[in-house]
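Each of the two complexes below includes subunit A, the first together with subunit B, the second together with subunit C.
This part shows the complex of A and B:
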């Protein structure tokens, strides 16, 4: 009697493939891979701190850091610090945005200035400008003024460079269309050039905001005034390391959140055009 | 025969090694202060060498930076560390040990005003802006105590380090800046600023130890003999510094001031009685202040921190 072979249905083929295919990490979704790495690192840290492989006083276990975070949340310290840092960061980004866009326009408009100073601005972007804080303390005093000014200074190079890039990169065909409609230079700029450059300028503002946050938190830490940076410094001075680490990780999360929000906003702006 | 004696003597000498001094790593905050200068004064006078100790200093900015150097094992001992911060770290499980007192009372801190400001006496400071280093610091404590003692209302403003405070005073952002000697003594001598009030004017603080020497329990167990010898040398250095003008010359060279200013720093701002090393005074007061400044989470008594103190001063 002839043996009847199994029918190769789609489901059967699929099951056979899955059962025989070796596991490859690349098949994991990206979010699962991220979660796995974080969970692994946290777990390793927890175990090492608990068994004493790393000093649990200076590097407390993640469970202790979580307790520290809940304590800060319950006392309202972290909410207050976040509010202050956010106001300072947005203030710095707004100030840096106004002067940055103006500076980028000037470098675009005055060709000689663009050739002479663009490389300087690029160099300033990589320089540790935060070290100028003693000068700003003399000018503005030990208060939010210094923090906002330093934040603005830190974010300006990125905004200047992206503004110039955006304006320089406007397609000539768009400018020619303006000329055919006999637009004035001012109309040409506001109706064609600036809107065309806006996506690139917005990228500059987004990068600038991140630099503003970094500088604001850094200066708060240095001069012991303000929001999250001051909170972290103060917790470290009090040797409350679980809460200090909680503050540090919170700052990182806030930066990631700002990045994500502004990225979504940029995509929305571009899609709505 | 003579040649063989020479060869035998040379061979014997290779086994004779000179006694080497043991290296002692020390964290020293705020270089230039009289209180932290004993290490260099004693080293220059050969007092530490007599105990077989070779000092290797690590200069820090003070505060938690110094404690971290001790906890990480980068140094064997830290001198002149704030007692409130030490208690705070100990209460959170840091394996610290206090081996001696460094400063009792507050004779060194002073507040000054520009000579053209019109502020000459304490009664002139009502309603003015007075600087202190940062919240929770000893200068914060002292300035609050001064205002309470004189029953004066004034605004206190964080002004950072002595140099930052001086900048803010001269740029009129604050009316009184704070300092410790030798800083600002030159400007006082030149008439640019004048002292208005001092930390020594608060009676309640004068019998309280404010700064101590610290190490970790592990280091103390491992290097106890070295620690005992260091503290013996430190006590000898203290006596030397207050009895021999050569110490003033050494300090003046280190702090880059004149010998006359060095003498003023020692005699006017650091009476020997305040530099006693053996006793931790006013501990309950320190614990109350540690609670006030959130160095500790709940009220403590001296018996709760008994394990923190292991005085090695002979």
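This part shows the complex of A and C:
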């Protein structure tokens, strides 16, 4: 009974015991288990689709999806779509970043405004803002303007909040050092406050960029204009399901890769501070 | 020195003359409203693109007094609630499992961690094929969306239960059931509340976006119809209604998801 309680010491002991035991498939390293799980799922899917347990038209076997992917790659469609989506997402994040950092700075600088409006921004951050896209569709039309505006809107609240948090959290010691060197207000900001707040602001930009990508791909898909989202919608409309599945998995893999890279980048930034 | 200044500035906050927090908020709201009205009346946009707030209010009243609206509302409400319960429930189960078993967490949590920030809407074409154009595909998308934040929050919550508390429980020789009830559950209330709030918001997004894309009823479908027939005021009225509902849901979760004697989980 007592072994059930996950107390840290017990866990360490059981881990040590496990690692000295001979090879057992259940005790492979976690990454190998993950690969096995993925390979097993893909294999199961392939077999089920081949013997007809699942409808190979609506859920084509992985081999068919791979062929679809190669076809998309050969036609250059997927590269064009990826480039367009990347440009739109980074454009949106740049736009949202400029306004977001400015907004966060104002909320930090004007204390009363910070008290009055930070909760509004927090509410906007948790509100389903992407649902506003028909409004932007009316204003900008069915084009990249709507997509970039929605991306920017999606990333702004996170960047505002993190910028304010970063600037608010600068240690008073650092500010006092600046005062000792009698820096002007401008120098104080650029040489001390902003660099000190940068790691937190970067976290905001990273989260913002993720929201921007989600919104950009989502709106592309919904209004069938632009890059990867449009590609998937279009392939679905043409009933080219192998290629559509390939497109969907490609989007998922791209956003995972992106998330992974920015996460590493942030860890590196924080550790080299 | 810094402390003195902090006291000074908080003192100034309370007594900065005319501007108080509430006055500033009202001024902010009025500014936004005025900007909207001015932009609409300026002629910079085509007529009717930014309808006056009076027209939007009229449209909202008209909407709320029409019976067809409630049919759409019921469809969307059922979709959101079902996907919230299914996705949230599965998320709680997965989170408990991943948090309690170090091995399972090591293996499977990266899947959830890295799939969580992917745009779920791209799965809609598959879900449309599998579950049809009706409520099924919307519920499926909402369920998938709600699952991830819930699982991650609960797993992190289980792991953050302090080992000291567990050892205290051991000292009092609690049974496993008592350990869950007296140590794990109270510790899980804050992550549960966070998970519920995110899951609700994101299942609303999932259901409504798929309604926008392809549906025969529901609030997203209704907004899309108003967009296509250029009834912008009505479209905005639907959007405002949706946002008010989402905000109310947030408030309700913050109020009710806590144990007796605990403070609300909001920051």
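Assorted remarks:
Here is the rule we go by: the second predicted complex is superposed on the first by the 234 of 273 C-alpha atoms of A that agree within 3 Å, B and C clash if a C-alpha of one lies under 4 Å from a C-alpha of the other, contacts with A are read in each partner's own complex, and residues count from 1 in each chain.
Going forward, a residue touches a chain if its C-beta (ideal position, glycine included) is under 8 Å from a C-beta of that chain, and two chains touch if they have at least 3 such contacts.
Note that this is a predicted model, so its numbers are computed, not measured.
When the shared chain is aligned, subunit B and subunit C each come close enough to touch A:134. Contacts of A:37 after superposition: subunit C is touched, whereas subunit B is not reached.
In the superposed model, A:256 lies in contact with subunit C only, and not with subunit B.
Touch criterion met: A:58 reaches subunit B and subunit C at once. In the superposition on chain A, A:210 makes contact with subunit C only, while subunit B stays out of contact range. Judged by the touch definition given at the top, the superposed model places A:181 against neither subunit B nor subunit C.
Measured by the number of subunit A residues touched, the leading partner among subunit B and subunit C is C.
Contacts of A:238 after superposition: subunit B is touched, whereas subunit C is not reached.
Look at A:112: by the touch rule set out above, it reaches subunit C but stays clear of subunit B. Comparing the two interfaces of subunit A, the one with subunit B and the one with subunit C have residues 58, 134, 137-138, 236, 241 in common. Taken together, the subunit A residues at the contact with subunit B in this complex read 55-58, 134, 137-138, 141-142, 223-225, 234, 236-241. Across the interface of their complex, subunit C is touched by residues 1-2, 4-8, 11, 15, 30, 33-34, 37, 58-59, 111-113, 115-117, 120, 122-123, 126-128, 130-135, 137-139, 172, 175-176, 210, 213-214, 217-218, 221-222, 228-229, 232-233, 235-236, 241, 244-245, 247-248, 251-252, 255-256, 259-260 of subunit A. Across the interface of their complex, subunit A is touched by residues 1-2, 9, 12-13, 16, 19-22, 24-25, 28, 45, 49-50, 100, 102-103, 106-108, 110-111, 114-115, 117-119, 121-126, 128-130, 163, 166-167, 169-170, 176, 179, 197-198, 201-202, 204-205, 208-209, 212-213, 220, 223-224, 227, 232, 235-236, 239, 242-243, 246-247, 250, 267 of subunit C. Only residues 63-64, 67-68, 71-72, 85, 88-89, 92-95, 134-136, 157-160, 164, 167-168, 171, 173, 294-295 of subunit B touch subunit A when the two sit together in their complex.
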